[in-house]
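Please read through the structure below; I'll follow up with questions.
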Amino acid sequence: MSRELQSISFLASSTPAAQEAARRLSVLYGNDKPENAGVIVALGGDGHMLNTLHRFMGTGVPIYGMNKGTIGFLMNEYREDGLRERLAAATQNVIHPLTMTAIDAEGNTHDALAINEVALFRQSYQAARLQIAIDGIVRLEELVCDGVMVATPIGSTAYNLSAQGPIIPVEAPLLALTPVSPFRPRRWRGALLPNHQTVEIVVLEPDKRPVNAVADATEVKSVRKITIRESATDTGLILFDVEHSWDERILAEQFRY
Amino acid sequence: MSRELQSISFLASSTPAAQEAARRLSVLYGNDKPENAGVIVALGGDGHMLNTLHRFMGTGVPIYGMNKGTIGFLMNEYREDGLRERLAAATQNVIHPLTMTAIDAEGNTHDALAINEVALFRQSYQAARLQIAIDGIVRLEELVCDGVMVATPIGSTAYNLSAQGPIIPVEAPLLALTPVSPFRPRRWRGALLPNHQTVEIVVLEPDKRPVNAVADATEVKSVRKITIRESATDTGLILFDVEHSWDERILAEQFRY
Amino acid sequence: MSRELQSISFLASSTPAAQEAARRLSVLYGNDKPENAGVIVALGGDGHMLNTLHRFMGTGVPIYGMNKGTIGFLMNEYREDGLRERLAAATQNVIHPLTMTAIDAEGNTHDALAINEVALFRQSYQAARLQIAIDGIVRLEELVCDGVMVATPIGSTAYNLSAQGPIIPVEAPLLALTPVSPFRPRRWRGALLPNHQTVEIVVLEPDKRPVNAVADATEVKSVRKITIRESATDTGLILFDVEHSWDERILAEQFRY
Amino acid sequence: MSRELQSISFLASSTPAAQEAARRLSVLYGNDKPENAGVIVALGGDGHMLNTLHRFMGTGVPIYGMNKGTIGFLMNEYREDGLRERLAAATQNVIHPLTMTAIDAEGNTHDALAINEVALFRQSYQAARLQIAIDGIVRLEELVCDGVMVATPIGSTAYNLSAQGPIIPVEAPLLALTPVSPFRPRRWRGALLPNHQTVEIVVLEPDKRPVNAVADATEVKSVRKITIRESATDTGLILFDVEHSWDERILAEQFRY
């Protein structure tokens, strides 16, 4: 069934503006239950879009965002007319999230997906000491830092950018490994890794220097060992208006100043 | 009384190597009580030296460090012979610490001194939102970041350096205001401030985005407002061997790579 | 015909060490004319290797470098024994150079290939003013700078790295657009572009602010307009020992400090 | 004699806007010869202001700039009324230029003053190789780079900023030594030096890798050795409106983004 004919479910963030938009659009287009809908329209900002993408990961249902929030990097422009035509014409991009497997201080294992990044961060004022291996080979015996992250191309414009990591075109088969405040090795700037590589991070002195891990917004406290790789099975689907494609957004973002 | 004739007190860190050094030196030179000593000899690494400087801040008793630790940027070379001669010849540098006044979530006020830096840091995975004023004038309405610090010239080679702040010659009348992972303003690199200026930082959305403050190793949880200035009254005294002066260390450090 | 059986031509740089190596290897393995050889063995450093790759671009003859120079990022380890076995086992990587088309002050057109990068640079002490378009769309109306370059993944560890551009894995379909000393837009860091995009750079005020262009070592003075794209037709072939592959070199380079 | 009563000389840059301003102001305030004037009013942009400061260096005549140009970091706001009152109230800052002594390929010595910076730059596409000594002690045996500069606090917001050097408060007794595209040592970020130190730079392989030196806008081709220090004798005087002091400009500049 073409996207044009599919039933729509509107999912709004909790802000009054997004809620009001959902009401108005439901009158115009109907509002199916999410589990029956052929397409989800997310109303809000990038945070709400990320949540919606997580919720429908692996279902095969595409998400189309309309901006009723603050940043809107993942969102299309908000307009009420012609929505079915826009949905029909939109370009679909496939999202490959990261899987994080984290073992905590009690030996429990936590799994989570990340669309943007998996980040490790010191829990106290004590700098973290981390050992980093790529595909089973230790590449940094000891990174003394505030933290470190593995970011996807999507996430490369988010936290990765704050930490001075490079912006990556969305189709590039790469992951960014980016440190935050590296004390040793001094001035280490991180690495761009092929997206088939697995990153393993071991927390050294975890009792004296506790570290938390965050996969997007899922936080695991006091981790001992983290494994991060691109998921082979989970995928999300995101829709963008043709005249404002994702490639175009990334390119434009790199020339913003 | 000249430094040569003064009584010495040896204060060692808790490591076996430092403790053993204290025992051996006490046999050679005696070991007075700290409160009576004319000079303190600190044995350990930079962390122990910082603790010792804090402990004797404002007493007028100079501290001479000998390296029995890992980094030793503040330490002289460890040697057992000729200590009185080295003490007599050493150059004395005056340390001006920062005073931090922090108001926490309950409205309590905490004061602490910092020889290296006063740093603010996000407590959860939520980025901090901070407003920064210099001498009462707001200069950044909103800094979205992992954290921010005010560092002294001494501290400029420590955490400030990890966050890519500049190394400052020890006699320069400057403070470094250095952000950690600034998300907005994007790519903001911080500022070098005259050391007579006062920095005031207000935490925005402190409940959603809690922030801790750390003056060297004194941590205050969930701060609302922080005031940082160079102390007008507290001073520490640190001794360096002439052939390896502090100026020389800072200069050499800037050419390390 | 397998590489093992092919005739070898040794091409040495002008240094005595490289010349001596060529003499010794010729005794062991024979030394065919370059035009007849099945494989070229380049003896020298990275500069010599680049020259050799340029010389045999598009011929289908693979180049195997052995290090008799200073850096050797593109070179295999120098050893005299077992060369035929090493050649037979070596991994072949395909190099896609950039084509530069430069129009100079007299309106003449110059074409050149670049394996590492095409760089523009101010000729006098006057900062360059450049307009940059990607695939025909102007993305920077005015870049005031010392210069700017487009670097391949191979070149990403060379001049691009000095200018703080990111190191790119050799198989990634990307080009780095990296500025040198950008004055306006201040703190602009460049962009990672998909390798199918064309970069066009127009020199503004070319008389007051003359600019040279360099494709690897081919310099064109006083250029007006430059077009840079990945070549669709020219390719070079480079051989690396299996136990020290190009991927491995790039990865290791990113963890060097 | 107070500044209020002094005769004024208007010196305009060559742009029509600046020339027209000079005509109008001359009608209102008279226009003395520069050699007789008690104060010079420079009309144009920062480049013209720098030229005017150079021209009157060491004469004791203060320069007051009014902005009729593009950047205006050194300029006061353009207004025609109340000029005598503004001049009388203005704050005077003393400028300490750098002296450059350059020895060229023929062994000739060239002296020049620099208010902003002395910069060395490669003349061809060959990277420069430079040896750097501070106060007679070699600190970098070999800097492979596009160039390097010594910048004053005034110049710290100019070329130094493009090369990612730190902005220095105008009263700080410091000089910035800042590299451009350092290839070796990789990621070297330069140094902040006490302003009493002398920097000596020797060009290595000057025939193969020729280097030019520029003191503000005075260029010396093919230099062999450069000595740079703060001038002990030459000073310039620059006037700023009180409500927009130089300190304030520098501070504000550091919070610009």
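Going by the order they are written in, the chains are A, B, C and D; count residues from 1 in each one.
As a convention for this text, a contact is a pair of C-beta atoms (placed from the backbone, for glycine too) under 8 Å apart; a residue touches a chain by one contact, two chains touch by 3 or more.
On a predicted model such as this, the values are computed, not experimentally measured, just so you know.
Averaging Cα atoms per chain gives one point for each, and the point farthest from that of subunit C is the centre of B. Homomeric contact subunit B/subunit D: same residue numbering on both sides for over half of the interface positions. One inter-chain figure worth recording: subunit B and subunit C are separated by 47 Å, centre to centre, where each centre is the mean of the chain's CA atoms. For this pair, subunit A with subunit C, the centres built from the Cα atoms lie 35 Å apart. Shared interface positions of subunit B, i.e. residues touching 2 or more other chains, are given as 186-187, 189.
Because contacts link each chain to all the remaining chains, their graph is best described as complete.
Those residues of subunit A lying in contact with subunit D across their complex are 187, 189. Residues 119, 121, 124-125, 127, 145-147, 159, 161-164, 180-183, 186-187, 212, 214, 217, 219, 256 of subunit C are the ones touching subunit D in the complex. Residue ranges of subunit C in contact with subunit A, taken from their complex: 134, 139-140, 166-169, 171-174, 185-194, 247, 251-252, 254-255, 257.
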